[in-house]
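Below you'll find the structures, each written out as structure tokens.
The same chain A turns up in both complexes below, where it pairs with chain B and then with chain C.
What follows is the complex of A and B.
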């Protein structure tokens, strides 16, 4: 069973992996994002898609020839009365029409907008590709949910997904603390964001992300908006940002947006306004295919410099009194 | 011998040198086109500086900035390496401590820096596209066969500037060509181009930022009177182009170097000797993994001084460790 290491892999990999392994399938991941994956993504994917979708195409192409089938769920919504980016609902079709020599595709529809009871049905549908034993599928389903719960609990204790997936142990910088927000697949694909976290650590910055906050906190903060945000991941980002405007326990917020993302273009703007009112510095970092580092370094350095200078000024009242 | 401080700004289009004295007065400034060869131009600049000030002054500290700042710092052993935002803000604040907004348009970057109470409060840089920066204007000037210095003058003569799409350099160019083929005058097209770039800057980069006077306009593009006039028209506020607008980044780097040397008490700057060292940069493709990183080596007189460009640190870390071992 092939799983592309892209997009919602960063959110649901423990869930998928546990489920398939419980059913006796061998799970094969595509390689970590690298130049080859990006290049084949660019070749196969329609030009106007965002970088993460292109990486997804590259990741699927990396699996071709190595697996018996690929898991490409058609994820339409992951919570009641919420949606995710519309590109996800067309993803299996996009892949089928763009990639040649594709192995069989499992494109289970995940649509929890009306009721989350359909989730179990979706799992049974998926499991049937591997076994006819319904009891076994249901057992695997429950175990997978627990694995997902453990994963979420771990991140909410402050362990970043990068650490769980790659065993990467971040240093414990003592300098400023910033929140890095954005879609999960932009935050934790270190190739796509050009080692952003490592660069921040090198500047002695400690980093938190929306994933490290309790679901309850996110929900309560997101509910403070005048109107419910119906994009699940945007709601998470917004909830985190509203939370920060109240606790003010961070020195700044950096938003990672992929070029051309429709959702980010709304949410980043909304975040900026909220944070500005709370006097928390904000920086929007747009990522695309760039591999040059100078531009990124300049932006990170300038942002960190600004935070440092603002902070020293705050604690030193006489400077401009 | 009097002490002075050197600031070097290696940008995409120009490499600038500024030398200031202990009282922050500008002693010497050089503006040289980078021409895609930063190392050669860096040495050329140092050679010219040696001739003009080498006899009577001693460089007591150096700072580098610009997109080539790491390279310049490696070669000169500069005391401080700073990003362009901070350097430009420091320079603007030194010139006028009340400055509230800095518009800086360089070769491939455009920036807005919002300053409040003498501190960088907020900033933005162009995102993925370099539309509306110096290199684009450069290209248009050469396409129209007009010296870049005169481009702004043409814009000022425009009576009915045409509407040009300014969001993307490619769109802007094709729009310009289409208007030119329908017989619009050159002045009106260039006038329209200046307006389009300013519109693009204000709508994209400066979106949501509070632009308050005094407003400084810095960077190479500030030489273009047409752009400055278009800003004044859009913002309905006078724009100040400081006297050394074209080398403000280098000026800021020199100021930062001066402070840095004051704080630590000595300089690491190698002096003019670097002119005699044969520097060479070469690159190779590392094929240890699928990333195929382009690794760059800086070679000084046949010895590898530094490596960078690899994602995993296989090459760059080795050099860094060696350097730590040397200095320790």
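What follows is the complex of A and C.
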């Protein structure tokens, strides 16, 4: 069973892996994002798409020839009355139309917008590709949910996916503390964001992300919005940012956005407006397939320097020029 | 209250009729122009989609002319349009404008919220008082769309070039001046007649279907008025979406629980299995239908970073291959180097004309061969 190491891999990998392994399938991951993956993503994917979707194309192409089938769920919504980015709903179709020699695809539809009861059915549908033993599938389903719950609990205790996936060690909490927000696949794909966490950690900066906040906090803050945000992941980011504007216990917020991301184009802007009113420094880091390392370094350094000066000098530099 | 609203193709004809009929004070936003876009692009997030930027331009131009309440429609995802009103409000607030943004939509607050907002329109009167004006407004919109459609047919066939353009320009100018609904209707009936009177050639033209994101399809400012460009090259353009048709399918039929025939969804099925928001399913489905209907090509138009259309764009190669259907994708944003687009449209049109000629020659040769 091939799973592309891209997009929602960073959110659901423990869930998927446990499920398939319980059913007796061998899980094969695509290689960690690298130059080759990005290049083949660029070859196969439509130009206008964002970097993560291109990486996804590259990751699937990396699996071709190595696996018997690929798991490409059609994820339309992951919570009641919410959606995620529309690109996810069309992802299996995009892949089918552009990648040659594709092995069989499992494109389970995950649509929890109207009712979350359909989740179990989706798992049974998926499991049936591997075994006819329904009892076994249901057992694997429960075990997978537990694995996912453990993963979420671990991150909410402050262990970032960057530590879990890349083994980074955070510094002692004595320097600056910033929040890094954005879509999970931009935050934790260390190739796409040029080892952002490593760089921040090297600078003795402690980092929190929306993933480390309790679900309750996010929900309470997100409910303060005038209109409910119908994109699940955006709602999480926004909830976290609203929470920061009240607690003010961080030195700054860094938003990682991929070039051309439709949702981030709105959410990053709304976050900036809210943080500006709360006088919290905000930095928008836009990544794309042309990100030169030096350029990113300079930008991160400039932001960090500004934060340091702001903290040590009592002059309280303006957060926004 | 001095109301205003954003432009989107013929929508202004409908809203103007509605406001005229109800006696509401309003500011008709100036026609979308380079200036509108410049204002919008300056104050909107850089990577927001084009319609949002033009909306902001429309609003600021209207506010400067005295408007204080903005009426727009809304939705609840997954396309970005669902969060437009919130963006509008935040942007205008930070710019120091205190105009109220009223989003007419059914959201998580339920029907009550919508009714309260509609009461703003009626000035506290019963909602039933909206029915007749709305009906008239919808009728005006249908007529306006019919005129557009007619002009797309006459333009490539007219014997004296430029006649259609003349009639349409005249009609558009006069439309801004009409003071009553009666005048508007008279003008439209007259225009329709004038279009029908244009003398036409009898010939088989190259036919092109226009698909893509609804705003860029409907607002001529954002698509360089592509039907007109193609028409003046002697190509018949057929637009896949009209706003009156959209209202009929999504509001009237859904409101009355009438099941609509969704041919495009069936046609799109082998390529895109579900609705993914925006008009991606329509884009794919209508392209297939155009191909089956013997069209010579399709043009897909969408705003830069439009999420659903990017998916459709990614799937188009498969349709193109299966049906041997040439397609041209135009992605629009505020950097509209018009000449660049025109060159591409020109090249595409030339290719289609040449393909048709070759096909006809081949057919002729086959007939000749058969005779011998």
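Criterion: the second predicted complex is superposed on the first by the 305 of 321 C-alpha atoms of A that agree within 3 Å, B and C clash if a C-alpha of one lies under 4 Å from a C-alpha of the other, contacts with A are read in each partner's own complex, and residues count from 1 in each chain.
Heads up, the rule we're going with is that a contact is a pair of C-beta atoms (placed from the backbone, for glycine too) under 8 Å apart; a residue touches a chain by one contact, two chains touch by 3 or more.
Because the structure is predicted, anything quoted here is derived from the model rather than measured.
Of the two partner chains placed by superposition, A:202 touches none, neither chain B nor chain C. When chain A is checked against chain B and against chain C, the one touching more of its residues turns out to be C.
When both complexes are overlaid on chain A, the residue A:298 reaches chain B alone and has no touch with chain C. Of the two partner chains placed by superposition, chain B and chain C are both touched by A:259. In the superposition on chain A, A:43 makes contact with neither chain B nor chain C. Using the contact criterion defined above for the overlaid structures, shared-chain residue A:247 touches neither chain B nor chain C, since it reaches no partner. In the superposition on chain A, A:229 makes contact with chain C only, while chain B stays out of contact range.
When the two complexes are overlaid on their common chain A, residue A:215 makes contact with neither chain B nor chain C. Residues 259, 269, 273 of chain A are contacted both by chain B in one complex and by chain C in the other. The touching residues of chain C, when paired with chain A in their complex, are 45-49, 76-80, 82-83, 85-87, 89-90, 94, 103, 107-108, 271-274, 276-278, 280, 304-308, 310-318, 331. Those residues of chain A lying in contact with chain C across their complex are 45-46, 48-49, 53, 74, 76, 81-87, 89-94, 96-98, 109, 225-231, 259-266, 268-270, 273.
By the touch criterion given at the top, residues 31, 34-37, 191, 195, 259, 269, 272-273, 276, 281-282, 284, 286, 288, 290, 293-295, 297-299, 301-303, 305-306, 309-310, 313, 320 of chain A touch chain B in their complex.
Residues 67-68, 70, 82-86, 109, 117-125, 127-128, 208, 289-293, 309, 311 of chain B are the ones that touch chain A when the two sit in their complex.
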